[in-house]
Every structure is written in C-alpha cells, then in structure tokens.
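Should a chain be cited, it is by its letter among A, B, C, D, E and F, assigned in written order, with residues numbered from 1 in that chain.
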C-alpha cells in the first residue's frame, strides 16, 4: 500500500494516518489553522488544515487516528500536506496504531525469539533467573516488545529497543571469543538489561514522552532498581558478585563519569568498558544507517554526529 | 592527656597509638626499617623503626594498637617519631580504637540526639517512616554513629558523617523560611539520607577503605537502594511522589550531570538544586576550617580548593 | 485593577502600558505593521498594530507610555494583543513608569529599611563607613532603590537588586552562627556591595541596557572601583586588610576563575567561598520561583537551568 | 628457563638481561652507584650496582646485553636486584635482543600469516595493491613484524603492532555482517594501515623512542603519506574515492577533532566512526588484560583507565 | 557606479547582480515565490520575487548573473529587494562574475607581485624551489590568485587568500628581527603555504563550497600532501629537515591539539608557535575590520568573536 | 669572572653567591645537613652542606649573600655543589644582590631609555599624562626598573618586566602600520601598563613572592586601580573613553573569559584582541628562547608549553 512518504509533489493523498503533533496557529489574515505532524509507517510529514472548525479543534488531538484527503506541496524545499478534508477514524475503519507507526525492519516475534535464544545460553543461574523473572513480568514484556530505544536518534521506532538488544547480543556473541578477559554472561545480561529502565522512563510505544519518574531518576538507576526487585523476588543476595557486576555495567554504560554523559560510576571491569563501546557502535551505526538511507545528495547532515556525513562511492 | 601532636622536637614520647599505615623499607646500608604512620586523637605523625625484627614484622600491622617509646625529630621541616621501643597493646592496657582516632568535636550522643530531633519534626508520614526504619536498623545505626563523611577532605573523622548531617539540617532549618518554593520535608530527608550509601561504600569507621560494592555502585545509587528497601519493608509504593523526589535529590546532589562529578541526574526541583549548594557549603566550610586551624603562616595550601588560602586579619 | 496578563483570549483590553520593544515589519501583502512588546506590572505581552501611520512610526518608541484598545488572541499557543487603537499617554493621564513595570513583591521602602538595618549591625568601622558613604551618594542611592539585579534570569524587575541584597543578608544572618570561620562583617558587606557595579553597568531601571563602561570593565571591577573611591574620600588606606578582603570577595563572587564565569580571582577565604554559593542559591531560587509560579503543566522549561523542571506534588 | 620476575625475595639470580634504563647516582656517602632497569621476556626489574668502576661506566649502556650475578631484595614493597657482578654479554654467549624482550604471545610468523590472509580477502584491487605494495617494501616489513603498538599502554611489546592489527581484523571480520552500511574493504584496509605511520614515528622495536619526524608530523599524517607514496608508485589517482576514504579513516581514528586527541578530521562515514571504536576496544582490552594478569589484589590501578579496576569474581 | 548596498529604502534599483542563494517558497495564499540572495561588489541583499513563472524557476539558479528591476524595502529592520522584473544576463551584456563579487581591496596583480617578492627573498634553496614549483603550477596559480581565505569569517572574498598571505608575510617580516630564535625562511614558507590546501578544500572562487576531498582530508593535510608532491617532483628528500619543519608548521597552525581546533600536531618549535598567533592576529583583525566598517551603532555583534564589539571613540 | 654554572664536574669553586632556597634535612645517619639552592648571574645550582653547626643554622637564610668553598659533583645526572666551607659575606666584601642575580641581557638604563622614548611618542595627552605620572612615582619606578615579569616561565629575571614591555612596544610599533583598525596610543599604553600591577603583586625583585594584596586582588585589577589613582591625581575623568579603553585592554589581556585564564572581561576592541596575542607571542618566545639556549639534546622539555620542543636544524 502506498505510504505518506511515497507521494510526490502535486499528488492527491487519501489515507489513514496518526496525529503525532498538533498546533493551532493564527494566519496573518487572523484566521486559525492547524500545523500538524502526521505519521504512518513510512515516517512523518508536516500538514496544514486551513479551515478549522470548533469540532475539528476538539477531535484532532495527539495520537488520534485520522483519515485525510490532501495534496502534497513543497514548502521551503520540503514536502507538506495541505489537507482539504479530515475526519477521525472509526472502529469500522479497523486501523490500529501499530499499522501507522514506523517499526523495526525485523518482525517483533523474530526479535523476541532471538532474545529468548540468548537468555537460554546463559550459564549463570543467577543472571538467567533475574532476566527470566523480569522478562516474564507481563507489563514489562509488553513494553519491551513494543518500545523504541529512544525518542530521537537511534532505533527510534516500534520494537526499536528489542532490535537494539538483539543487535548488541549478536555483536557481543561475535566479539567475546577475542577477549577472554570479558565475562560472557555479564556481557549478555548487560546487553539485555542496560536500557530496561527506559520501559518506564518513557510513557508508551506510540508517542513516547518522558515520564515523571524517568526525568527524576533516569533509566540507568531505574534499570538497577528493576534488577534489585527481581533479586528480592528470587531470594538472590544483593551482595552477590554477579549482580553487583551487572549493576555496575548498567550504571557505567554512558562512559566515564567525568565526560558528563550521565554514568553514575565509571567502568572498572573489562566487561563494563567493552559494553560502553558496543552500545556506542550499535546506536551510531543504526542512526547513521537511517541517515544514509534517506540521503539524496552525496553529503548530508547526520543529527547523531552533529555534522555532515558522506554517502561514499 | 598529652597527645602525639603536642610533643615538641627533641621530646621523648611514651604513649599508645594506632598504626594507620605501615611500609617495610630498605636503607642504603641494606638494613630493613619501618615507615609507619601513627595516630591518636590529635592526628597522625610519621614514624621510623630502625631495628626491625622478624617478630615486629609480624605484629605491626595496619589498625594495630601499639605502645611506643620514641623521640620527636624534625625531617624536611616536619616532625617525625624515631622509635626506640614498640610493642602491641594488650587487653590489660584497656585502650580502645575509639580513644585513638580523631573524632567529631561534638559528642556522638549529642549528634544522635540532634538528628533524632529533626526526624521528629518531619510532617510527612512517608518520609519519617522511611528514615526511622533505616536509622532503626542496628548495623546501619552503628555505622552512622561512627563513620566519617569521607576518607579525606571534609568531616574525615570518627562520627564525621553524623556531624555533617546535623550541620546540614541546622543549615536547612535556618534557610527554609526564605524559600517557600523548597519542600521542607524533602530537604530534611535529603540532609539525613544523601550520603547514607557511604555507610556501605566504605569499609569501617577506624581505617576506612572503599568496599567492592562501593566502587562498583557508588554511594548515590547505594543510598537510593536503601530507600527502596525501606519502602518495600514499609509497604510504601516506589511510585510515591515524595519518595521519587527524595531519590531525585540523592541522585543529583553532586551537581549537574555535565559537570562530570557523578550525579546520575541533574537537579530538577528547587529542593534538589538548593541541597547541592548546601552540601558544597558545609563540606567546604568544614575542610577550610580544618586547614585554617592548622595554619602557621598567613597563607597556606588548602587541599579542598587546590590553592593557597588566606587566614585573614 | 485588571492587568495585561489577567485578560483571557477574546477579551477587549483598554489600558495604559509601556512599550518595551518595537519592530516595524512588512507583511506578505507588502504593508507595514508593528511587532511590539507591551508591559505593565503583570509582565509583558506581544502585540501587533496592523495599521501603521507615519505619525505612529514617530511616536511609538521604546519606553513610551501608551494607551491601547485591543483584543487578546492566541498565536502559536501564546496570548498576543491585536491593537485597534493606540495613542501616547499625556501628562493629564497621570501614569508614571513605576506603575507600569513589574516590581519586587516587597515594597521599595521596606527593602531600604531592611538594608539600613543590616548596615547598622556592622561592627567594623571601616566597612560601615564605606557602605554608608556609598549608599549616601544620591545618584547611587536612586539607582540602588530602583535597579533590577539583571536584564533576564533573576530579580529582573524594579527594585530587584535591593530585594536580592536583602535576601542575601537575611540568608547570611541565618547561616553565620554555623560557621565561625566566616567573617560576619565581611560577609554582610559583600552581600550589600557585590553587585553594586551593576548600577553603572546597566543604563537605567525601566528598560535596562548594558552601558559602554559596563561592557568594557564589567560590574565586578566597577564595584571594586566604587569601594576604592569611597576609601579615598574617607581617608581609609587601600592596603587596609578589611578592604582588601571585601574587594577579594567582590572579585571572586562568580566562582573559580578556571570555570570561566568571569571572576577576576578565585576565592581564597571561607567568606569568599561561602558568598559565591549564597549568591548562587538566592539567584537560582528566585529564578526557579518565577518559573514555578508561571507553570501550567507539571513539567516546564526553566531558562536559569536550561532544562525542564518539576513543579512537584 | 627461569625469568627475572620468577625469582622470589632473597634468591640469587644469575642470568642474561637487557639494560633498558641507566642512571649514575651518588649515595649519601659520596660514592657513585648505578640505578638500572633490567629486562627479559618476563618484564623489567629495577637494579642497583653499588661498586661502579670506570670501566663499568663505559660499557653499561642502554640496550646493552649483560650477564648479572645478583640477589632479589624488597624495597618499598617492590622487588629489586642488588648486583654483585655484572659483565657485557659476548658473541659467544649467543644471546640476542629478541630473546630478552617481552613479545606478543602469538608467534610472529603466525601473525604475519594471518595478516596476509586478510590481505588476500580484499576484493578492491586498489586497496589490495596499496597494501601489498607497502607490506612488500623490505624495511617497512621488517619494522611491521617487530614493532610494538606503542611505548606504553597497549600491545607495548615485540610484534605488538602486528598483534593489534590482526586482532582488529578478526574483530572487524566478526562485526561486519551486522552493519551493511560499513564498507568491508575500507575497514580491513584501515585495520591494517591505521598505525602504519608508527613504524617511522618510533625509532626501533627493542627500546623505542619517538623519532624527529614522528614528533613533528605524527603517525596519522605519516601513515597517509605512506599511502600516497604507494598510490604514486602504483599509478593510482590520489582522487580515487577508495583512497580518499582510507586516508579519511586513518586521519580520524583518534575520535572527534574537538575531543583534542589528535584526529586531523572527524569521522564522516560509518566505516570511520566504527573503526575508532574498534581501535578503542582492542587497545583497552589488551591493556586491561595485562593489568588483570599482574594483579595480586582484588582491586588494582590500571594505567590505561587512570583508575582502579576490579578483577571480579 | 552605484552598487546594491548604496540604495536607500524606497529607491528603485536597476542593475546586474549575481544569484548567491535561491529558495522557492510558498506564501500563506498558496502561491510560490522566490527568496533570493543577490550580490555585487558591495556585498549581498535578500530579495523576493512574488510572481514566479515556470520559466523563472528554470533559469534562476545559483551563480546565475541576472538583471533586476526592484525596489528597496525594509523588513525586520534590514533592507531587502522586492523584484518587479528579473531576467538572465546575456553575452551582449558583457557582465562577468568578477565584476559582481566582493574582492580584496588590493588589486590581484599587486598581491601577486608582493607574494613573488617574498618568494625571491628566501635564502633556502629547498623552500624556494618547493614554493616556486607549486606556484608555477597553472591550476594552483589560478586558484591562488582568486580564492577567498574562507567561506565566512575572514578574507572571505575574491583574492582573499592571497591578501591574507601577503598580509602575513608583511607581518612576519616586521616581527622577525625581534625573535632570532625563529627561522626566517620557515616562517615565510609557512605564511605562503599554510592554507594552500584550501585551494582544493573549496570548490571555486565565486560561490565556494566544501569539496569531497576537502571534507574527508582537510586543508592542513592537503597542504602537506602538496608539499610532498613538490618535493618528489624536485628530488628533495621527504626527510629533509626544512621540509619536515615546514610540514610541522602547517599541521600545527590551528593551535594546540588538545584545544580541538584541528591541528594534527601541537607546535614544537618557536616558528610553529609564533605562526599560529600571527594567523590568529591577521584573521581576527580582518574580520573585526569588516565588522567595524559596517557598524552603524557604537556597539554591534562581531561573528568572529561571537560577542558584541566596540567601535571606540 | 667565572660563574657558578661555568664550573665542570670535579672543579673547586670559591665564590660569592646568593641563597635562594634553604632546607634543613636529616640524613639516614640522623645527622642534619643543608639542601640549598645557590644563585649568581649564571643561574642556580643545588648545594649540600654536610656539617651543619648551630651558628650556620642561624646565619644561612634565604636572600643571604655567602662565600663558599665547594666542589662540583654529579647527582642524578645534574651538577650540585658539595660545600666544605661557607660564611656570610661582610660589608667589606662589597658584593651586592644585583651582582648575583640573573638579569635581562639588555642593560637596565638602556631599557629605561627605550621605554621613555615610546612614552614620548604618545600623541594622546590623556594617556601620556597617566603614564608619565605613574612612571614618575619613585617607588613604582624603582620596582619597574628591577622587577622580573614573573616568578617562573618568562622574563623571570632582574629587569625582566621592563625588557618585556620594551619588547612589546617594539613589536607593536612594527605591526601597527598593518592594522589601521587598532588604536596606536591605546596599544602603546597597554604594552607599558598591562602588567604594572605585578609591581605590587610580587614582593621584591631579588626573591619575588606573591604579596597578600597580589593574591587577593590580582595584577590585572591592581593595574586598573593604579590607572584610576593616576587619573584622580591628574583630574582626568574616569569616564574618559581612552581611559575606559586602556582599562579594558588591561582587564582582558589574559584572553577570553571563558578560557578561565583570569581575564575579568573578554576583549571587545581590535586593540584588546591584538594585545592578548602580542603578549602571548612575546612571553612564549622569551621562554622558548631560554629553553633552546640551555638545550643539550635535539629535543628537550619546555615548561612553558608543557611538551618537548625541537631545537631544529
């Protein structure tokens, strides 16, 4: 099916999409209009609704699913939709949120199966129990299956966090034979749990915002608290060396404290030091991959590096 | 009673003291000797034992209480003890560690009573319960009554942490009427619990070293975990706003994250922002107070500021 | 009386106000219009005048007092005034600048009396003479009674600097008993004089801009020069220890030199070190207080911290 | 054979070793003595020669191979050799430098074969030609087979650079399937050539010092010049995209320019960005591996991180 | 002849100019219009074309020379052109790019002669040969005679780089007698060649953009490669001390590496250290000179310093 | 006459010299000895006195002039004096401090005459009056003729500050014709007065230490206060533009405020910006010149750059 970003300048678009942002503005002729950001699986497009009724003001809200009849125009070099008609989707339209958001290219169930495979490989009873306990908790599992790894930057789409985790596990798996000074099980466990706090730092999978606990505590410490909760439920001592090490890896995964990127401690084991670099690699490669895919010129700006990057030969 | 630092150059010293550091060295004539650091309530002095027997090598260990017969000499402008005789204290000598370490100028019981007074003032049931639960735990209470606030720098002596807490509470108490945007109970609770993790980050009160959990997790997150433990025991929801705020204040008390001093989150409420400055004030004033007390010249080096300070007029 | 910010969307506003900013723009239909920023005691609002005559271009200037007949509209989620009629206030309107600017919540005379009270408490003849000499100088006194503490950020309103000074004195007064290593009179004097250079760094109290001397010399050194002038007039030696210390506290109150915030020397006494933190506390608490008061959501952006802050529970 | 570091306190040592450092000092009795640093494959030990003749002063020089008769003593907690007799090794002793320096645990020829294997895998004619040309040059090949990757920190031993290269290639090989946005041949070529400039930045493989060109130009630019030389010899255009990209990866491998670690440009392709992290991983893991192997306590200082690290459970 | 920036508000402008930037925008009435940036020797002006035909969309491109019939209007306090008629210049108009770009105030040929004069003063055969070889290369000479020293900031106009070089040579000439520790010929050579890489880092002299090699390699290393090429052509050893020193000065001219401004090595000779400051002086003085010339108020913003500057008395 | 640093290892030295530092130490045989630092015009040498009497302890003090009978020995690769006999110089020895300290290579009177010559060139009545007033003040003149420019680093010898000033004036004189945007008289005046505060920041010319006012106020603000004093004495308004500008140049000469090197304001005129670089050039060239003169190897450590520098070819 044709998606939002597939339409060219001048084409008419009749489709369902999701309202990601909504602003009510006033034109120089004193009339109100909407600046919207609409989304489907192909990404987002800005949109304008010039005739705004009181009814529209009420029903067009963030996360609403709408059906539009619009035309694609160019504005400052970028496509935007000028909407002639817009209405809320009804139950009979049978359009769900999942069908309108960008999602991981790997199917959700495949990611989940890969993740389970790695959990099964853990030799450490302690670490496997903790992970199985956490991943078995229904609300956490639901979130883990659907959440992005972040609001912007990298793996910022449906099931993005799970894709990031599986990608890290694959990466770890391939690197481990080279560095026997790294603890295999700790590295696996850190790949799986390092961002687990994000499941509560963010509000939801569709239009994620930072939650109050997320802003007050941060996902590193939230992740450590989830690990502690699991240990308690399982009767594992909080002084257990493997657990201490796992927490250390989670708390240090943003790099050295004095860099100011939010680690609570600096990495003090080969495993912790290695994981920080793996996380950097996987997030930067994902973000650069997205930028390169969308580049139309040989050089373009990559937000993740805050500089222009080269598509190459 | 005359203390180690009361003796002048040339005087003979016969007293009990504590071995804080011990190094076995070899002189240019190939004979072994001891470089010791000895301590009593007046502070520490370097000491030399020129005749080292095999027996001495065994019994003179860090934290040992010894009786010495020595002479004070000057070496590179500083006093040192040259020891003629040294033996281990026996049970019959009735000399305890507490009598040989530098301690807070305020008596331990008085500090404890002041602290209890402030706990009693808390109007928030939640916060008072958490604090009473933690302070009522015997091991934690023992540690809290005796631990220093740190290995070096500030309140670095017996009961130093409790003195720091009471000093912060007094400070908070006096400032609160000026800033109604600050939450009184949260500020009290942060004063009491901000460094509570240090009780397990450090090994003991007499010759504190960093513990393995301390180095892997750090006292900020350890403190938050103690709060969570208390909540669980008390049936308080971890989503409780006051608890979230308390944790936020603990996790942000080292200042903005991008300064790289180890906060896990940057302060996002007036209470958190204020507490960071109060903690800076109380620790710097204590450290400068110690430096100024020991200054013999108009200007001298203050380790806490890494610069020379002025004693003033 | 109803103030600018009291009016709701759609209401008609007939009132006097002050022109704080003025820009002549051209609409897409090639007609000129005014973008104004209008103020009264309730704060400021953006305003548009669509019909601009040659006469209006001449009379509508920054600092002009005008009478408007306008309607409140919403533009990008914020209120703005669309002005139908506007004229200059005449003498017979009897509207002064003071009645149209935001001012300290504490009355000017009360602040002045508090300040005088603290001056009276100074035991040091030297410091009291210097302060009385400076505050007795009519032009300086006029400025001190009316100036804000800054253009943006904190205490940025009529009599704001005096409010900041009195707030700092109260704060100092309450903290001093805890830290005997701090010199009471020096701390009082620094509270009073630390920003005294701002009275000439800024142009005036109503619409303050940076003066040429202010930008070339800065308020720290300007303050020190005012102290030196006073000493000369009073026959006090510039080598006087109390004067040197006072200048040191003024020159170091932006924190350590290597932080790059503009201190000319780093603090080298407990008094100087403490004052920097008191100044940080009072300015941050004032700015956060203003942000919190205006917040409509649980979380909002606080310019002083350059991050979102939490209103709390 | 028993090595220098295998001897315990008090044991007599008769062995060949290499003079790494030499200082002629004067004791407090005015007699001269030697402070030496002696080395064999087990590492280095400090040594003292108390009876220094004129002849010894002449023959004991840095890089000399000597035979010693000595005793192991403890000095400030560390082992040192007190030498009774010392003489220069003669040709008949048949002791070469290679047998007395610490070397890569992987045999030199095995490393060389692995490296050749990866060169053979290159599909890009351009890149393979350049690498084969450089590695075929006899002086460069000699150096590459023997040089350390650095004077201190990581892979700082005989054939260390080649071990680092092969380790990076293996790492790259394993990671590449995960990130199709990375150019396989460019990554291989960068692994092989990124530090090629070090072969002339340093003086030799046994006791490496920085050369004059090394200090004036640095190994990044020296490496790029070697690539340019090869291109010229092979008739490859310096504007060739693959060559530009290879140079870019070499010049950016110390990370972003604004970090100040000496990159001449910041990485602008996925390959360049990835390689920087791979280089960090391999060098840090090697350095930490060395530290962990030598640790005798649970915690010890790791120079590469400038902090204490944990040996783990 | 009257230039673009000579016209006042309201005046009619009929002239030739160059299109520097071009954007096709859509007005709130849905009609397309052009935002152009037009230039002649007096600088640039923004311009609007309200009636955009399909033909205009095709012919109005960046670097096009056009003839306009327009009126000067004020928009947000700045002049802009509202264009009634616009057409492409034809061959018969005899208007070249050179006549429409801002150029160095010193005539190109005069700059070239000065530069040649300094080359003639070089006593070092090696350095003179290298420079003469490079400057004798036709493409490089063409570029050198016309290129700006940069896209923004300083000497950012036709022949700007040559003006910068001659200015630096004059500066060096005057300073050299004071510092005999500086090598005269190396300093001259560095003045001439330090930015020579910019001739290929940028695309062209009229509307310069960064080239792909420029962004991947950077002008410092590109300059060093040009020097190496010249040495090879001339049979000069790359190990020649004067050449090493010249390359060192080029590679270090952005200041110390740890400042993060892109030097590949930090300056390690008096000549290299001095040149960095000379380059700073000449570029800052040129940029400030341009700002001061255009200032209409006593204080205005200077982009090169990112702060407001004072025109003075 | 032969100077301290002219003697070779093993030679006997009988000469007068100055005690720069003095430490009473205790040898491992428990006997006291002196570690001295002795100086004459050739620089300093460490010295040891093994037989220390009570009388010697009293008379050998810092700044004492002594006559020694000693032998040159090598200690850790550096020359030291072992003193057999030492006595205080008497009046009849006719040895003054000036004859024993390192001094500027340019005679004091010649520097003074050059300085006067530049003062005479000032066209600005205001600036010339201020400078003549200050330089005419006897105590300041005495200090200016003899003080070093600093304790370490650059021009750190008798009359060093005056040499630095004259060198800067010569430099300014040669550069001014190139940059008409710089104000000649302001630049001259800044060269002369920028470090004038150092005359009171330091204690004296022979063995300079930081004074209390120097450490509390700093030489930038002290210099500005001297200018203000002169203006007052001369009836020049402190609002005079030339005076404001001069103060601005003094207060900003350590570079941009956010670099944290102690400027009170950032430079905001071409003159201020230029002077900072001239000061950097002259101080770095002087320090590097001293390092290069003493270098015995091709590469050696230069304290001013905190890196090794190259002597060159």
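Just so it is clear, contacts are C-beta pairs under 8 Å (C-beta built on N, C-alpha and C of every residue); 3 or more make two chains touch, one makes a residue touch a chain.
If you're wondering where the values come from, they're calculated on a predicted model, not measured in any experiment.
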item	value
When chain D is superposed on chain F by its C-alpha atoms, the rotation angle in degrees, nearest 5	120
Label of the chain whose CA centroid is most distant from the centroid of chain D	C
Chain B-chain D separation of Cα centroids, rounded to whole Å	43
Chain E-chain F separation of Cα centroids, rounded to whole Å	42
Chain E: positions in contact with at least two other chains	28, 212, 215-216, 245, 268, 308, 310
Which pairs of chains touch, using the document's own definition	A-B, A-C, A-D, A-E, B-C, B-D, B-F, C-E, C-F, D-E, D-F, E-F
Footprint of chain E on chain C - complex, ascending	23-26, 28, 30, 212, 215-216
Residue numbers on chain A that touch chain B, as the complex places them	212-213, 215-218, 220-221, 224-225, 228, 232, 238-239, 244-245, 247-248, 251, 256-262, 264-265, 268
Complex contact set, residues of chain F against chain E	167, 170-171, 174-175, 178-179, 181-183, 241-242, 245, 266-270, 273-274, 277, 280-281, 284-285, 288-289, 292, 305, 307-310, 312-313
Chain C - residues contacting chain A, complex	27-29, 73-77, 82, 298-299, 308, 310
